[in-house]
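I've put the structures underneath this note.
In what follows, subunit A forms one complex with subunit B and a second complex with subunit C.
After this line comes the complex of A and B, so read on.
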């Protein structure tokens, strides 16, 4: 008999593969601090905490109301449409359509709609509602699929589809729907705030103005109000009050921008038509145009997006592994845990776009701010989930403590779940990486934003489609990897 | 080595153990019997809490880390004997000398061919033997084992109990098999609804006496 030999597990090998890929990416990444004195600026930012000021923030209430109103309307519309689509999600074309809609980030949707709706409320509303519809459709369909069918099966033959759905399915699954929708509402608030950075009248707009003027006292007032808004959501966002909120929201987001049919039709018949075709040139020149676009913009954009996102993925993983013990009952008592929770909640509630924006102002343009922002935000999200998962572990009475406990007892038990969470976020990280291009890192978002600045909408649309396809590809690879590892995520991360 | 006077344990207001008066001398081999829910596991936990430093445990649910190998689970019995850094290196790549030590133990419980198998893939009996191996590797003066052999065959069960009794000077097994209790222990303690209702040397007892504990 041959002696058994020690072999590393699949997840060990896979983890190191990803670390190796990230290490190779680091060789090609542009990582440096370009500002002359990065830490003074950071110091000034934090000293802003000591002299909070609302001077110059006359429209503070207006901004917050706009942020909430857009989130409420967009997410509600998305959830209603998503629920209807979830019922026909077994149709292949619905699934494909949703995957495509989902893979375009809400900021890209907003950039497109800005071109023909201008600052009409429809821009923000649709930018949120479209990707959220697609996400809701997928998750609601999964909830329905995992639900218990026994009540449905005993219904009298001939019971209508709608009656049976609301009697036999909804009551049991209501809690799941509610929890998930509430979670997405929180995401919606973040998305809505971020849309301000590209011109909508939400929180991001006031934030970027205050930042530009270096008024950090104002920045903190805005941020703190935003955190309070999210932290108190479960108190003010009651299902029974929702209709009231929605009606009020319609009035809040309404402005006097008028829809111009000429703009809309020009967009579809002129702006998005590739320039050579628009000008009636030959097919050869169209190919020239396309290959030019692919080689000089799409390709470098994809490369940079992948390089940055792979580094950010591994950095997020490291952050998670360092952060989760802070909130785990396996390691700390009530007080240290609440400090950990506080830090994680702040990092989680700050959108990565905003974090990257702040760090970029401090450290200057390179990939570094984007990587740190993505790692902190995603590390906090996954760290929170892994921490909660580790709380459920039942330990032996004589289990070890400290680092031995971490290495031998806890990490082996949570690692599978940790990878599942991480790979689920992978697609999100890639999508966000593309978006961070708008801040100046040369990922796909950079080229899309430049094309729009130059009013070359035809190029922007092609690049957005390419970005969507990249996201779909990553989503597919991630699903393969998770299948290979035989790990499953629960609803809370999706 | 241990004495409990009028000890009581409550779980969320419910009394799980009443009036426990118990003295354990060094070298005793004790069987703890009683129906499920009679308080055996609770009593073992209570004893562990009084003597954590010298005690090895075989909990009822084995307390194994599913995704680690048998080797690592057994090694965990002696984590505190080494620095955390040594342990970490050993987690990444097992040290040869430790593997030999652990293999010697695994041979005793007939698991040597499973040394580097992941616990998740083991059968119930193999898992129990892994937990027994861990306690053997850990060593100590007192062994507390909660149904340590309920999933292995009779022949092997006897051998395992024998091995544990020789390795540890003092042993306390919670058992439901009255035959095993009488043949491997010198003293039998019977629990009923959280009270000690029987405490006799096993030579004064017959299987029938013990069976009575299981009828109401």
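After this line comes the complex of A and C, so read on.
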């Protein structure tokens, strides 16, 4: 008699497959630890917590308002445009366009707009609205697709498209739209703060300034205010107050920068034209220029981006599995859970760049600080989502406790969702490696930043397009993988 | 449900109205022209606003036109806003000034600090490397981890890289185990002090000031080599300012800068005084930048 053949589940195979890829990447990654005296600087950093100071932060209130205002306007504009696009999302070109727009990080959008809008509010507004529109379009379209059609089916024949949409679709799906939009608003606040790193008048501006100079008392004040802003969002962000907030925001973000057509047309007809073509050189020298760029920057950039993001993906997964019980009703009571929530809010609201920098001080320059920073940040985000999902599980009365409950009751039930969240996040992790390029890990972001610093916009644009295509490819693989696993994300917490 | 549909509709209308308001309002140009100046954020960023605020007041009084200082986040942002005419006067480093003048034909270097024709960079090293102060180029830095300052800095990037190539015959990527860009001079010092990077390159004025103010522990990190002199910071003004503020405005600005003698104002830079400058003074920087492929 032959033994019944045993087959591992697809989840099992896939998980180990990704772990194996990450292990191979580790062979190519530089993860040495080389620091000698990290404690002096780390001491200064943490003693800043005891010496909170607002010296030099005279515009603190203004900065906070700017951060909120940019986020509100950007996300609102994004959600309105996203909804319109969601209605025609079945058109292939709309899907492709959205995927491309989504794949460019806010920071890069802002760096592009800075070239010709300068510090005009449009720079920040569009840098947020464009990628958010593309994301909203995708998710709204998925919500529409999965919604209940029974109301639509009983409408009288000949009912107009607009009426049927607003009367038969929206009422049923409004709650889903609202939940998702609120979640994106939190992301919007983070993005808006981070845009300050490159010069917008939001929180990141003062934060990076204080941080660069080692004024840690100020750094902590700014971070704590930011944590509070995010943690209290559900109290101050009421849908009914939104119109009022939006009108106020317009006045807050407005400044006296003028738009100049000369600058805009110069950007499109001169700056982004590859240098050899601009200077009227031969086609051969253009090929030389392009192949140089591809071989010396794009290719190593892609390699480093992939190595970093694959390791970070698996590290984020491990972090998630360790962190989610902290906020799950399955494991802890009210008080320990609130401590867990507190920790997760801090981890996901602290910009990865700062986390990576602190780790850089401790471990020296290698890929390690970037990996751990990405893992902690993303682990906290996915951990929060998985924790919330696990709250909904109904256990048998006699279910075991402790480690057994984790291993044999909860984990098997949440694992599918966990993978779905993780693969949604994959694309985001690849995009975020860009920011860490600034710390010296030579990802695509590093080369884009260099091109911008050298004011070679033509090169920056080519590299940004390559980054977008890489993200597009990752997005496609991720969709295939999710389809193959037959996992679907719960609509409310995507 | 009815209300929610209405809310959604309201939101759409309001947002569209707002978006158009944001776009249209600032298009209405102002009457009085303000001279806007900026400076590269090379150090002490948080104090920039206070430091340059008093310089703006001084210029405003002397030139009898409104003068405003705007802070920027990077060397490139300073050059870009100068190019976009959102800034007309700027305190640039050697390299950023050269780039700005290449991008804005007619722009002129009009003044520099007394110290600027003879500027230096230091190579600094963590004590664990065992590297000591020397007259000759410290070839022992080979194989160490190394950090520059900002990617667009003259004293933190361009000239150190030039001197390293001259003396070692190879580029930084081949010489060092890791090459980083700290972002600015104060961060370079902190990173080398902590040993996160073993060696770094830094503006000599920033280093001297940090040592003087005891902001750096010299038992952990020390300056081991000084580059030969090169020209660095300067004031650069756009070529079209005379057309906007009247004939002879460039000269007026130049005289105002040269006449600046209040130690409180000069401490903003920090320079002893300002002397005249011309575009040609920075030819060595332009040539070096071309050699290193940092400008086309």
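A few notes on this one:
Throughout what follows, the second predicted complex is superposed on the first by the 466 of 494 C-alpha atoms of A that agree within 3 Å, B and C clash if a C-alpha of one lies under 4 Å from a C-alpha of the other, contacts with A are read in each partner's own complex, and residues count from 1 in each chain.
As a working rule, contacts are C-beta pairs under 8 Å (C-beta built on N, C-alpha and C of every residue); 3 or more make two chains touch, one makes a residue touch a chain.
Values in this document were obtained by computation on a predicted structure and should not be read as measured data.
Of the two partner chains placed around the shared chain by superposition, subunit C is the only one that A:36 touches, whereas subunit B remains out of contact.
By the touch criterion defined above, A:6 lies against subunit B but remains apart from subunit C after alignment on the C-alpha atoms of chain A.
Looking at the shared chain after the overlay, A:412 reaches subunit B, while subunit C stays out of its contact range. In the superposition on chain A, A:360 contacts subunit C only, with no contact to subunit B. With both complexes placed on chain A, subunit A has more residues touched by C than by the other of subunit B and subunit C.
Applying the stated contact rule after C-alpha superposition, one finds that A:125 touches subunit C and leaves subunit B untouched. Contacts of A:400 after superposition on the shared chain: subunit B is touched, whereas subunit C is not. In the superposed pair of complexes, A:162 makes contact with neither subunit B nor subunit C.
In the superposed model, A:205 makes contact with subunit C only, not with subunit B. Within the complex formed with subunit A, the residues of subunit B that make contact are 45, 48, 52, 55-57, 59, 61, 63, 65-69, 71-72, 76, 79-80, 84, 87-88, 91, 93-94, 99, 113-118. Here subunit C touches subunit A in the complex through residues 1, 4-5, 7-12, 14-16, 18-19, 21-23, 25-27, 29-30, 43-47, 50, 70, 72-77, 79-81, 84-86, 99, 103, 126, 128, 145, 147, 150-152, 178-181, 183-184, 186-187, 190-191, 193-198, 217, 220, 294-296, going by the rule given at the top. Interface residues of subunit A facing subunit C in the complex, by the touch rule stated above, are 30, 34-38, 40-41, 56, 73, 76-77, 80, 114-116, 118-122, 125, 166-167, 170-171, 174, 197-199, 205-206, 208-210, 212-215, 218, 239-240, 242-243, 246-247, 249-250, 253-260, 263, 275, 360-361, 363-366, 438-440, 449-450, 452-456.
On the subunit A side of its complex with subunit B, the touching residues are 1, 4-7, 9, 394-400, 402-404, 407-409, 412-413, 415-416.
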